[in-house]
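Sharing a structure here in structure tokens format.
As written, the chain order gives the labels A, B, C and D, with residue 1 at the start of each chain.
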């Protein structure tokens, strides 16, 4: 669950949202990860026991990197992994590979985002822990990738598996109904990446709970 | 005082360093600002009463900006201003102008960094609160800009004043001795930007205290 | 006149368009500059005697810069100047300043583009030969900046003149009628930056001729 | 053969260098491709019959892309392919994939550069025509990758073949002796990427001839 930079998921509200996610996870046994903004990682990680990810990480070593995001910094703040190359924060290929290596070295879970099937396969060839496929044109639309483009999801799963049989595959973009989650799992993914569908909801807990239930069927 | 991404200024050590800065500020009456990493802003701001800046800010509005730094987020975490366009995190011209406007709108202090006199004047023409001149070739060297290139500092001050008579001018790069601070002030600046000279010191408080004393002479 | 990357101004068609511009310039005495794509600079410069600009230049020295645009290369191909920081090819502030210096050193005319009044002033403070103000939201719309936002043009002229009394000021975006050109000159600019209004026209020469006439009134 | 932005391979000298390459190719039957700067593509392509590549291509369609490199433009100038993601002109992952697709659509040969074995495999998964492995730390050193790091070349070939059995594999960086070329071929590559070793040579033809001979053994 990507908190992005919504006001509804900033600061104290990030903590509340993470607690709602934790509650849904505990009640259902589903695995829910939250990815708040950098400045909120520490307080979210203190408030909940579910895994906290960063939204981005820079391929840097400690030192002269003003304004960048250091692995050691997000780790000490409580993050156990990070999103990489989200469509809203795209990176150079060599940077993605360097961040995957850095995560491996520092014990952080790497979740790399892809905008299409070929890019998904390309990412899988670098062996991150997770590849997450999200067609940018559907992000934030409420039109679920798993419903609108099931064949592209299947195609992505097949291309990725050819290159890397063991990687965890997520899909995202437009996921707003519990059935979208169930469909995504049927298509061969292990879970979904969600953001506005929950963050902007009147009652995020209710949606999260329904999504979590859908993963348990 | 820019904490950059040194391990010596990450996490719990960022808090300790900020407390040392606060102590030096309180004892001397000097104005010391600390700029920790994003993930450390909240805990540093809780621990000290001196101003806390972010090291960077993105020219974005709340919403779909995964992995970016939102003004509202750093503000809620306790930051009262931000570095902009540090030589290690350079930005497009239109982005710098957008961030300066955003800071004005959100009540954040804008401190924009420049790598040479012409760029300093260019920044001053956009009316941020502070322009900070740092020749990149001296950063981290221990060779102080105010000592090694006094004429360039004077030249910068003159060019900036022609464009903007009221802006606060800082200089930085290689500042490692108290006399470097005193010299910088004599050359017409209002203060200095420091990083490794203090962060990497065995006793940061001692150096900070000496620097703070130098500003009081 | 910016050829951008329209098919109507690529290759052989770039040569024909440049010849139409040359004809209009010769008949009216107006000064018309053409800015074709990199690969077309040489053949356009061979075909016409009016000045040819590059659409971009990189702040590099000869050597290891694969895929970048070298001053010496566009100069030998026949360019006498370059656009810099066009809204479709924006640059870091320090790069803009480095390119302006490079143009000065290599005897190339520097024309730096700005997206708003504050950015225009910022550019003027670096003393390029020309600053060109173009609000991005009007580019390609056919709604002329000089008609739709006359006050912003006047405001830009004033801000720029305070910082740099002698610089040449152009404006652009949406210029599609001869009267838009005349209005732009009345607002205090020295000319206009045009692209789609001419490139996509059925008879570019007719439009160019009308625009050139408008500058002579 | 990458001309980069050396003065020795700019303008008229680019034409002479390309002719030397053509001569070596014709005499030996070796396949030599030249990649001059954008502004030199047209005159080089007119002067020689060996294939001419661009050094870079942008993932754009015709239109509003001032300062970018359009596929149709380099094609009309005479290029039949392009380097992509050279270590001196690195691109975002999604851009690389978009350029590979664009090349396929426009009938241009795509040669994508990689900085290490994992990145090479990642590129191979996107099915360009050629992947070229060049460790950046050896570029321009005269220390040949095939001699200094034979195991990394073999490792790259193996990783790439697992993902894509049919792709053409080149290697480069520091190639300055004919034996470096022969070694590269023995390690399983189909050729080499060269630049300064030839461009900066007193007699480029002699070196090219020796390299071409080495590929024929």
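One rule holds for everything that comes next: a contact is a pair of C-beta atoms (placed from the backbone, for glycine too) under 8 Å apart; a residue touches a chain by one contact, two chains touch by 3 or more.
Because the structure is predicted, anything quoted here is derived from the model rather than measured.
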If a chain touches chain C and chain D alike, it appears here: none
Chains in simultaneous contact with chain A and chain D: none
Interface residue identity across copies chain A, chain B - same or different by half: same
Chain whose mean Cα position lies farthest from chain D: B
Cα-centroid distance, chain A relative to chain C, in whole angstrom: 44
Inter-chain centre distance, chain A versus chain B - centres from mean C-alpha coordinates, in Å: 33
Inter-chain centre distance, chain B versus chain C - centres from mean C-alpha coordinates, in Å: 36
Two or more partner chains touched - positions in chain B: 87
In the complex, chain D residues that touch chain C: 2, 4-7, 10-12, 35, 37-43, 55-56, 60, 62-70, 72-74, 76-77, 83, 86-89, 139-140, 195-196
Chain D partner contacts - residues on chain A that touch it in the complex: 85, 87, 90-94, 96-97, 100-101, 115-116, 118-119, 121-127, 163
